[in-house]
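Inspection log for the structure reproduced underneath, given as structure tokens.
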Amino acid sequence: MKTIKPLREKKDTAILLIHCPDKQGILATVTEFLNKNRGNILYLGQHVDRKEKIFYMRVEWELERFAIPKEKIGEYFDTLIGTKLEMTWTLNFSENIPKMALFVSKMPHCLFDILARYTAGEWNVEIPIIISNHETLRPVAERFGIDFYHFPITKDNKAEQEAAELKLLKENNIDFVVLARYMQILSSDFVKNYPNKVINIHHSFLPAFAGAKPYHAAHERGVKIIGATSHYVTTDLDAGPIIEQDVTRCSHVDTVQNLIRKGRDLEKIVLSQAVYKHLQRKILVFKNRTVVFN
Amino acid sequence: MKTIKPLREKKDTAILLIHCPDKQGILATVTEFLNKNRGNILYLGQHVDRKEKIFYMRVEWELERFAIPKEKIGEYFDTLIGTKLEMTWTLNFSENIPKMALFVSKMPHCLFDILARYTAGEWNVEIPIIISNHETLRPVAERFGIDFYHFPITKDNKAEQEAAELKLLKENNIDFVVLARYMQILSSDFVKNYPNKVINIHHSFLPAFAGAKPYHAAHERGVKIIGATSHYVTTDLDAGPIIEQDVTRCSHVDTVQNLIRKGRDLEKIVLSQAVYKHLQRKILVFKNRTVVFN
Amino acid sequence: MKTIKPLREKKDTAILLIHCPDKQGILATVTEFLNKNRGNILYLGQHVDRKEKIFYMRVEWELERFAIPKEKIGEYFDTLIGTKLEMTWTLNFSENIPKMALFVSKMPHCLFDILARYTAGEWNVEIPIIISNHETLRPVAERFGIDFYHFPITKDNKAEQEAAELKLLKENNIDFVVLARYMQILSSDFVKNYPNKVINIHHSFLPAFAGAKPYHAAHERGVKIIGATSHYVTTDLDAGPIIEQDVTRCSHVDTVQNLIRKGRDLEKIVLSQAVYKHLQRKILVFKNRTVVFN
Amino acid sequence: MKTIKPLREKKDTAILLIHCPDKQGILATVTEFLNKNRGNILYLGQHVDRKEKIFYMRVEWELERFAIPKEKIGEYFDTLIGTKLEMTWTLNFSENIPKMALFVSKMPHCLFDILARYTAGEWNVEIPIIISNHETLRPVAERFGIDFYHFPITKDNKAEQEAAELKLLKENNIDFVVLARYMQILSSDFVKNYPNKVINIHHSFLPAFAGAKPYHAAHERGVKIIGATSHYVTTDLDAGPIIEQDVTRCSHVDTVQNLIRKGRDLEKIVLSQAVYKHLQRKILVFKNRTVVFN
């Protein structure tokens, strides 16, 4: 169903994400390297965490007239700059379209939101597969022409099923995973295969109401605002680095059902905003916190 | 594609929307009428505009044990109460599923959002037809199994095409129309056929930036917040009664393209929230303003 | 310093707050009682909690032509209606200006916000005394012409000091207490003297980050939104019924100091909004949740 | 009444604000200049407007070990970099405490909010004088120990009074002016003396409801959200560069008086946030828009 015209054509660019111990002159060093090699900078964001003494940077430049061949940029950068400054860095190219797998259960709202954006060409991504522990959403996947795999999970078969899922992800060269209201907890073993590459949506304003049934808990507590939180999944449940949060007002008139209904709109938007930021390589993770460039 | 189970089953209820000149005792009169006839009130909302001296009310009650037969309620209410108190009122039943027509152009985000909710059974509505001045979104309609009609509009054929559209709406017993980013202005003649029954989404925080290209205007003005506004369409462009508005922050880093992207998320949520309120018969219109019960 | 003219003069009104087991006809019964006795209703709010089967109501009417003398209203209402319907109710009159005591420590922002509103005549309240465990804010109290009492609290003298504070509150006929960033925990004994009459501001979006140093905890967790929560104080720390909450965005650029700075604006507004609602007798408490009429 | 301890002591820093035509290498050039001269960068923000091809930058560095003497930095920077790159730049030092004049009329909420922050030591500013066209707020000024000047304005004496006000501002070495709900329009002649140095708060979400009585207009239009806008004053009324905006929800229950009441909280916070940003030299103005660094 990819029938609607993509929104834009873009020239190939390089995107470098860096973090390293803060020192004088890092910014000058990196920008000089790009200038000398005729890399026209399209975007530069940097941040210094003065408390932790960490320097963060995201820089994107055009490859067209860049002096260093695309496949050599990483090597040159590391040799000339990265190693000396003890940098942790990743290099991506805008022409490389990442491959995303969706994990879903029975609720369709996040899935629909993502597939609508995908079909509309809003995102620079490919979605080869949808994985679920239920058959419920197979018709949705089929209508959007995406392969749907059913992995029913029980206490007994979990390790085995996750292994099969991982195999499927590898076969499809999946770069990252989005849990679009996937109501299963992934094992630590699974998560370790995709560090900072599994995005979840939690249906509360974390750390309030971690765990199951957060809308029931919010109603019970009588809060006046509910929220949703997208975060990278770590081995510690609901405690991974937060990417995006949003909230909406509620009141005594709202039943639990109403909170669930209002929450759906939050969840889908907050999850999709996190996926968008991830796709743009605008997120750096350090010490369980994110730096999200704008 | 209506394959996902609807969210709930509900007993049949009556919903009465009233406005009239304010006097002492209206509330007591109406509630006594329902009590005497064994109408179990599920929801009661009322509001008095002290300045205009207008009383507004929405009351919903169960029909199961109600003493007056469903088809006679309107007559009895009008005779016993409505006429005496100079009420303007409408009566609806929750079992009556309203029929909605969608008007779209080329942008799919609002259409997708509405069809996703429809398919998921979020709303108590039927969508028999989608009308467009372009072919662009036909594939979306087809995938969701909804009839799509193409009425290309030019300056010369507008009156004629609108007549054909109206005919199609009548044939399909359409109760109300939703303009899901339909980039055409409906004529006064068209609008008069559906008073307070055409819902539009304007892509700005009205009354700021009425008219075309509001995101360009917002960028030019350098605002720090952008918005979207859903409203009933009247013969006065972008000036109809406002149903819902929402906003999001922006800054100097946001290009016009970014504002358009951020705005899409606002638009679709604000429009869908307005449609939901309309479907629940929670909106009263008086003097170009809405009373929206919660 | 009460030199700025109060904003308004109002006629005397009666305000009745009710909750009781839900039954058919409560609303009709109460409104009929008022109508028959020529009580012109200025405001009526009601809410039914269908799950708990509790009916809540707030009604305000003019006393001018009301048939029952002011001092007899409570008795008549209870005899004719309240007892039969098992109502818990409170009756207040707008002419009765409540007396509020402020408890502060060292931070002045909430204190200033409240005293500014007080001086400007925004609120219908008297503030005879300010109590603190530190001398820091005495100059502020003095400039606004309000008596300031210093009760330094240590582990050893707490019971004794609280007893002295309670004595002072009684002597000044204090109706309710506002903890305007009072950094001490009140004992259960103290709180029991003012049930649902001590309003606190907690500097986080409760239940997230209850306890001390919430901004440090929020920074550590890397949240993207911070909040503040006003609530009635109960014997269970930070767990009392929530009155109002608000939030503001933050990001990786915000240091703890920045969060504290941003938080101050939230705290003072959220606390003052709660006090305003309380002064208007718009809040009902039931089962650790509030019904806040609008 | 400056009795409460200021919040912090800071080392002296230099703050450079730059805008110039965008070219490759500007960032590298500026950061290299600072690095070579041992200027430890505390904060760097930059933004490129790709459409207008303008480069914006704010950089703050410690002066302690900086090789160029404080009083020579401007000259050196201009000679070595500024002139070549056609920069418009301003240089400030954190030790220089700016002098602010407040203009008020009758409404005290913004005045109180500013004086509370001033007294609490929240801001690095001096407020030598308050100017008003009414005597109403003199007691407030006196309690906070600030000189209050009454300049009643009529159609006939406006030019003369403004001249006297300007004279007073010059005598007090006022750096910038804050209109804290000053209900007079300043003449173009006045404004030209303080370009981008007069901050106003408009009580609406500009450009919606420019001009007088915006809350009445908002109520009439039936909006669901109201706002406030702080902006630099230009010769074009309510059309100057926007610094900060915020909004709050309203509904059909809100009278004009309620909107005014809710609006006060918005106005004071939005104005104070703008003043704070201005004091931190975080705002650049170009072509009637602001770049506000975070």
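Which chain is which? They are A, B, C and D, in the order written, and residues in each are numbered from 1.
Basically, a residue touches a chain if its C-beta (ideal position, glycine included) is under 8 Å from a C-beta of that chain, and two chains touch if they have at least 3 such contacts.
As the structure is a prediction and not an experimental result, all values here were calculated from the model.
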- Query: Out of curiosity, which chains are bumping into both chain A and chain C?
  - Reply: B, D
- Item | Between B-C and B-D, the pair joined by more C-beta contacts | B-D
- Could you please state the distance in Å, as a whole number, between where the Cα atoms of chain B are centred and where those of chain C are centred? 38
- Taking each chain's centre as the mean of its CA atoms, chain B sits from chain D at a distance in Å of 42
- Note on the structure: chain D touches at least 2 other chains through residues 50, 251, 253
- Note on the structure: Listed in rising order, the residues of chain D that touch chain A in the complex are 24-25, 27-28, 31-32, 35, 40-44, 46, 48, 50, 249
- Item | In the complex with chain A, residue positions of chain B that touch it | 1, 3-4, 108-109, 112-113, 116-117, 119-120, 122, 136-137, 139-140, 143-144, 251, 253, 261, 264-265, 269, 272-273, 294
- Where on chain B is chain D touching in the complex? 47, 49-51, 56, 205-209, 221-225, 227, 241-247, 251-253, 255, 288-292
